[in-house]
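The structure appears right after this line, and notes come after that.
Going in written order, the chains are labelled A, B and C, and every chain counts its residues from 1.
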Amino acid sequence: MQISCDDIALSLAGAERPVFTALSFTLKGPGFHALFGPSGVGKTTLARLLIGHVRPDAGRVSIDDGCLRRLYAYNLERLPGWSSVGRHLEKITPAQHRARCAELAAEFGIEPVLGQRFARLSLGQKNRVNLIRYLVQDFDLLIMDESLANVDERTREQIIVKIKALFPDRFFLYISHNVIEVARFCRQVLVLRGAHRRPQAVTVPGLDGRGGATVSPEMEKAMLAIMNAV
Amino acid sequence: MLARRTYQFLIVYAAGLALLLGLKYLAGLSDYVIPGPLLVWQTFRDVYGRYAADTLNTLSVAVLGQIVSICLATAIGILGRQTTWFGNFVKVAAYNVQAYPIVALAPIIFILLGDGFITRLVIAAMICYFPLLLVVLGVMSEPVVEIEHFYRITGRMRWQLEVKIRAFENLHKLTTVVAGSATLAMAGTIVAEFIAANAGIGYSIRIALYQSDLGKILVALFHIGISLSVYQALLEWAGARVQRRWEAAGGDVAS
Amino acid sequence: MSYKPPCQEPASCAQPFRRRGWLLPMLLACLIAAAPADAADPVTYRLKWLCNSSTVGDLYADVHGFFAAAGLAVEVRAGGPERDAIKELELGQAQFGVASADQVIRAAAKGSPVVVIAQIFQVNPLQWIYRASRPPIDDLADLEGLTIGVTYGGNDETIMRTLLAKAGLDDRDVTLMSVRYDFTPFYRGRADLWPIYRNSQGIVIADRMTRAGEPVRFFNPADFGVRYVANSVVTHQRLLETRPDLVRRFRQALLQGWQAALDERNEAQALETIARFDPDTPPDLLARQLRVTRELVRPTAGFAIGRIDVKAWRQSEAIMRGQGLIPEPVDVLARLHGPEEP
């Protein structure tokens, strides 16, 4: 499983400056990887590039055969309002993943709200419900764009740990602003920098869940490397 | 809802009458120009039965015309929501054709189809069609990205689901335009009857105009107002029920 | 459309000055004499319908200076389906108007202060047209079994019901068909009789039918003793009482205009006048419409145009009362103030 970008240049319509100029990187999966960078640097645009919703002006995006089934989830998504969350999950979960869905619902703490309409949930609950419905699909690559932005820190950690445990053979790209989180849980952190920087993307190794909750020297080093790369 | 609409109308009607009477007494006008309250009451007693039947007649044509209109607007709106050549053609045609004053075409329709029920139905449907179509087109052409994204990216999107999502998200807009088009349908039917029909309250108003009988016109307006209030209240109630049903029990999800 | 008369020439200041001492008074006298003559009385005259051959006298009086000569600045306004001259009199929007007897009687029944000062049409132009291939209608009983077009709520309905009643017929003995603005049912043969105005569409339809090989005849209610008065000149009771001179001048100028318009010697000018306001009607058709109008307004050569037919007014009131169109009798005589009055 590998995704790579080779000398990507991209300007969005109406933008003053290009988003990417000579963007190149390679990410080898499977695993829980991160895409990190300051606001507005182009993380979402890169995600859309990787799932094929946007084509580059120049350069090449290479997705190998192992990553053909690509999904992209983001935190602003909503479920239709005409049925309860539980009913909706039932409808969109393939038969072979029903048990997995129930397990995730329990683990993510949304079992109590399965009978409610999506609009009545809290933001954190909405994030979790939305993520579950992606996790129960058949996918090779899942890009999670701030998918847990409204979830509290402890629950977020639990969720990430669970995902890594349940899906060790999948490729995740976790877009986040939280440097501690990405340093601790992710295998590789792709740090995206401004279009004027060379190189525009730098890959920094994360701890991939090693070391527990304390901020170890190793973790500090990783965090430092990430911040320096920005 | 019904009570509120009815007394709202009655207030407006009474205010209008009071204004007319005020003008009558201030300017010293005879009953010929503005009938006095006694004459209005006498006229009401003379014609209320006939006018009530005429109004029901007109309302039935208006309701049917509106239903035809809604079905047509829904079908064309769904077809025209896409960005294909056909979809764009439908949108452009809808915007351009609605500029034609339908009432100017009405006499031609009467010549072609005669002055029976079908002609009035066609005109009623035509008059409330375009506002409905424009709203349906607007609703159906506007993706609800936050909801539709999941279905598109997982390959689950079907046109029925797309229509359902967009309709549900804009239910209030749709029910509002349906309630509003009721007034249009009624107005359109009355105008059609006015131009050249031999039934309905518009026809009765035309006769009253020939006779310069403002009393009869006031009675006709009263009947129209009351029947419209009842009809709109009914539509609002139906719209609220649809919304509640979709929100309460789990509807059949097409996804 | 109003004609503004030129100001009268100021009185001559040519008298020679005899002595210097009289200079100032003479100058003053000249200035006083040089003051403009009384301005014409402004008047609004609302017609019943659009400007066409039925209004030839009204237009002629205006265009050819009859009103101006009487010291009147008259604005002649065309009527139409949404206009009611009698209402405008009461609202002060017009001083004179044209209305038919049914309008006057209905208004009078509701207390409107309308009075009639002249009757233009001596014969009602509202008649019916039918194919000559049908048996001629020589007797009212011949109406039985026919399909007759009527405008529900209109004068033709009133007249037809009177005719049927006179013949001892009612709704079940004939088929009454609602009339719209077009004549298709008559052209297609779905109706036997169709209401028309004898001096306007009547001629057009007759032409068209004759060219199509279907000559026509006209059914005139007056031939069967039903005289329902048509266009008459009306004004407000108050104006008649407070300004009788104005009313007299207006009426005289108007009727002189009608007299001149219908004079055969002025036919070319009359046609040119109508054509100015009715440019869409071809000239030859206008000429024929004018001739028929002449017969309806001036039935005989020496007829005093504008004379009020009191009997016909009484009959009109009786017809309306008989059909329940007015709740109580109306004293029409009290409303008639024709030219024959002093």
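By definition in this document, a contact is a pair of C-beta atoms (placed from the backbone, for glycine too) under 8 Å apart; a residue touches a chain by one contact, two chains touch by 3 or more.
Keep in mind the model is a prediction, meaning the values are calculated, not measured.
Peer 1: Tell me, which chains sit next to both chain B and chain C?
Peer 2: Chains that touch both chain B and chain C, as defined above, do not exist here.
Peer 1: By Cα centroids, which chain is closest to the centre of the whole protein?
Peer 2: Central chain: B.
Peer 1: Can you name the chain that lies farthest from chain C, using the mean of each chain's Cα atoms as its centre?
Peer 2: So the farthest one, by centre of C-alpha atoms, is A.
Peer 1: Can you check how far apart chain B and chain C are, centre to centre, with Cα atoms defining each centre and the answer in Å?
Peer 2: The separation of the two C-alpha centroids amounts to 42 Å.
Peer 1: Which whole number of Å gives the spacing of the CA centres of chain A and chain C?
Peer 2: So the centroids are 88 Å from each other.
Peer 1: Report, in whole Å, the distance between the mean C-alpha point of chain A and the mean C-alpha point of chain B.
Peer 2: For chain A versus chain B, the centre distance works out to 50 Å.
Peer 1: Give every residue of chain C touching chain B within the complex, in rising order.
Peer 2: Per the stated touch rule, the residues are 81-82, 84, 86-87, 90-91, 103, 106-107, 110-114, 151-154, 178, 180-182, 184, 325.
Peer 1: Using the touch definition from the top, list the residues of chain B that touch chain A in their complex.
Peer 2: 146-147, 149-150, 153-154, 156, 164-165, 168-169, 246-247, 250-251, 253, 255
Peer 1: How about chain A: which of its residues touch chain B in the complex?
Peer 2: 51, 71-74, 76-84, 87-88, 91-92, 117, 130, 133-134, 137
Peer 1: Please output the residues of chain B touching chain C within their complex, sorted ascending.
Peer 2: Its residues touching chain C are 27, 29-33, 35, 39, 107, 110-111, 115, 196, 198, 203, 206-212.
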